[in-house]
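Read the structure below first, then the notes.
Read from first to last, the chains carry the letters A, B and C; within each, the first residue is number 1.
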Amino acid sequence: MLGVDVGSVDQATLLAYGAWIHRLKMYPYFDTAHYLLVTCEIRDEMSSAAGMFSRKHPLSCWLSTMLMCFADSFLASFLLGEPLITPFKRHDDILLATLIWYLVFYAPFDAIYKMTKITPVKVVLSIMKEFKRAHKVAQGVSHAAKLYPHSYLVQVLVGTAKGAGTGVVRPIEQFVRGVWMPTHNELLRPSLYTKVCLIASTLLVLEANSPLINAPHDLVYLGMLGFLLYFKLAYLLFHVSEPFAPFENLFCAVAMGGIWDALSRAIAASRERKAANKDTVPLPGEKKEQ
Amino acid sequence: MLGVDVGSVDQATLLAYGAWIHRLKMYPYFDTAHYLLVTCEIRDEMSSAAGMFSRKHPLSCWLSTMLMCFADSFLASFLLGEPLITPFKRHDDILLATLIWYLVFYAPFDAIYKMTKITPVKVVLSIMKEFKRAHKVAQGVSHAAKLYPHSYLVQVLVGTAKGAGTGVVRPIEQFVRGVWMPTHNELLRPSLYTKVCLIASTLLVLEANSPLINAPHDLVYLGMLGFLLYFKLAYLLFHVSEPFAPFENLFCAVAMGGIWDALSRAIAASRERKAANKDTVPLPGEKKEQ
Amino acid sequence: MLGVDVGSVDQATLLAYGAWIHRLKMYPYFDTAHYLLVTCEIRDEMSSAAGMFSRKHPLSCWLSTMLMCFADSFLASFLLGEPLITPFKRHDDILLATLIWYLVFYAPFDAIYKMTKITPVKVVLSIMKEFKRAHKVAQGVSHAAKLYPHSYLVQVLVGTAKGAGTGVVRPIEQFVRGVWMPTHNELLRPSLYTKVCLIASTLLVLEANSPLINAPHDLVYLGMLGFLLYFKLAYLLFHVSEPFAPFENLFCAVAMGGIWDALSRAIAASRERKAANKDTVPLPGEKKEQ
């Protein structure tokens, strides 16, 4: 269904692009962008305490950065009962993430950290991070599909966990840093990225298992990447933080009891009105009681 | 030893009943009862906030319900190093649990929730839930026995975890809902069901591994179910919430230092009395000091 | 490189000792020392509440003791995706740990607990505990090396987790007892033992994988044990609690931004001085503004 209204030549070009992007190696450039943004996010969260904290608790600081850089792996491994320590197997990744952590927290004059705050740099890094995210979602879905070929829900969940694991792992990362805020968690207020990853995983699972989407896999991958990039750029450039709000509100109104609540309120109100009408025309016997 | 004092015909009937109950399919009726009561429990715990919470945080509400509905599986998988995501593999179960969750939280005029509060309905649902619990305990014990045939403690623990997992998983469920009460946990004050499941699992492990109980397995299963039902009905109808309290108190007095504490206190008291006696007959020289 | 400057006879003796110590059976004597000290530590942490708590919450008390006694196994299993319940497989260990727990908390007149507080007894127990710790570190490293032969970081981490797991597991143990202190965790302020175990694991991994250390394995094991004992005795007898502090401070000053921070401060100070100089020689036009 996708790619039907574009010409055959364009589709071939798109396919070629899709295949190329699908096979892009993440290490080291896209990984670097991912680690940089994640580490800067941790530093932003510590705000003014970052300087002191990174000097006084380097181990805790390093471990919380590693937890967040490989949050997707940790979460997916935890859900699938695989060894949690897997990310530490690849020395290259750990070394790269450690280098980024070191540069962000300890670079002279905060050069690296300040650089990532420049808008064009940030936009380029964010785009690269979405490439990595698309890669992780696709990887998560295909890995889960290998283990549980007929459990579509597991595939969607693992895909989402791979794409938006940082949110769920954050409480543990905060705990490592000695911060504990149980009333703020990702599952209570899912972020935009969690929702986008959920949709992207669903798309990939549908593509693999249903006749609804019969486009080539590389094209679907390209579409998913475009979808992720669209929301990222909308957020970065136009501060669109809740693009799904209208749909969510509509859905909640229709399905999540909104209509019934309104009906209940209307009935309660009409009853009250009736009672009020009765009160305004009081019976003679009631007069003295009031 | 069980079933010796009943006639051979009765035993055959019992055996037939036991076999029939042992082979009862849990899905969908018993599962429904289990999910209904668990979901209502979550809603009761939220008390007046339930309405608002379920409208504002549907994802968190759904996930915490799923965590509790499949708490036994999550806990047993966690302990045995199996994939945590296992319960999400069976679409039927998840769909049924989701349907129940939807009806309890969003049904028009709270019909389903209010219905479960009617005593006869509640008693029937509770009885069905105990059938499911007996099934889970037996399943847990036999699963652990397959993995660790000579580790009786593991079998008892997994059986208990399968039967009374909701208590242990509750802190995580509360965390998902943004509630954190570390001073109230199941392990600190084990509930009646945890104790009952512990006894039931021990019974099943003894039956499989010791010559103490040489009744047929179906009969033991029936006995265990009767045991679970007995305590459930005693609780529901006569509010017997701590039937083991006398035994526990006796055990604590004998084994958990009660006697030694009393002895220590007695010695300390007799010393004080001696000291007091000395004080009441003071030496002439001490008079002026006082 | 090790053992080069000692004579060949001495080396043979050392080797024989190393082999003997390496093959020492931990059960039951060294295990007993380990369980005793861990249980006493839990009791010390509860301080005055220990009496009441152990009488009122025996299950929670027992479970938290088991969690700490087998913390190394739990942590290593969790990291490696192995069944968490493994320590409960060995009935002997659990029975021994339960006996120790019982004696420490419920023995008449606190005899056992008070005995462990006598300095010579404590020193002997601590030395035996270090034998057990060396055994666990070596076991952790070799187990991880079997699973991930080329992932040195994983081997070091698992070795450290086996040797100093109690610190990391403590928050969970405290949670079981209804205590929650997220701002105090091992990773935030790693204890001496964590650091020592990190060094010991690194030593063992280097020995197995690099040509830097070409001494026989038993000798390296003996050296590691000596290293652990040295720091333990220094702590116990001379209260040396932070022997690495000078190295850490030096490392932090050089690598963790200390120099750059000092430079930044110096620049900021010189700027301020310049600004102050300007202020003390105000321009005529600025006079009135002040």
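Definition applied: contacts are C-beta pairs under 8 Å (C-beta built on N, C-alpha and C of every residue); 3 or more make two chains touch, one makes a residue touch a chain.
These numbers were taken from a predicted model, which means no experiment stands behind them.
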| item | value |
| --- | --- |
| Interface sides of chain A and chain B: same vs different residues, half threshold | different |
| Superposition of chain A upon chain C: rotation angle, C-alpha, nearest 5 degrees | 120 |
| Where chain A and chain B are represented by their mean Cα positions, the distance between them in whole Å | 36 |
| Shared interface positions of chain A, touching two or more other chains | 81-82, 180 |
| Residues of chain C touching chain B in the complex | 51, 54-55, 57-60, 63, 77, 81-85, 88-91, 94, 105-109, 175-180 |
| Interfacial residue positions of chain C with respect to chain A in the complex | 78-82, 147-148, 151-154, 157-158, 171, 180, 182-185, 187-190, 252, 255-258, 260-261, 263-264 |
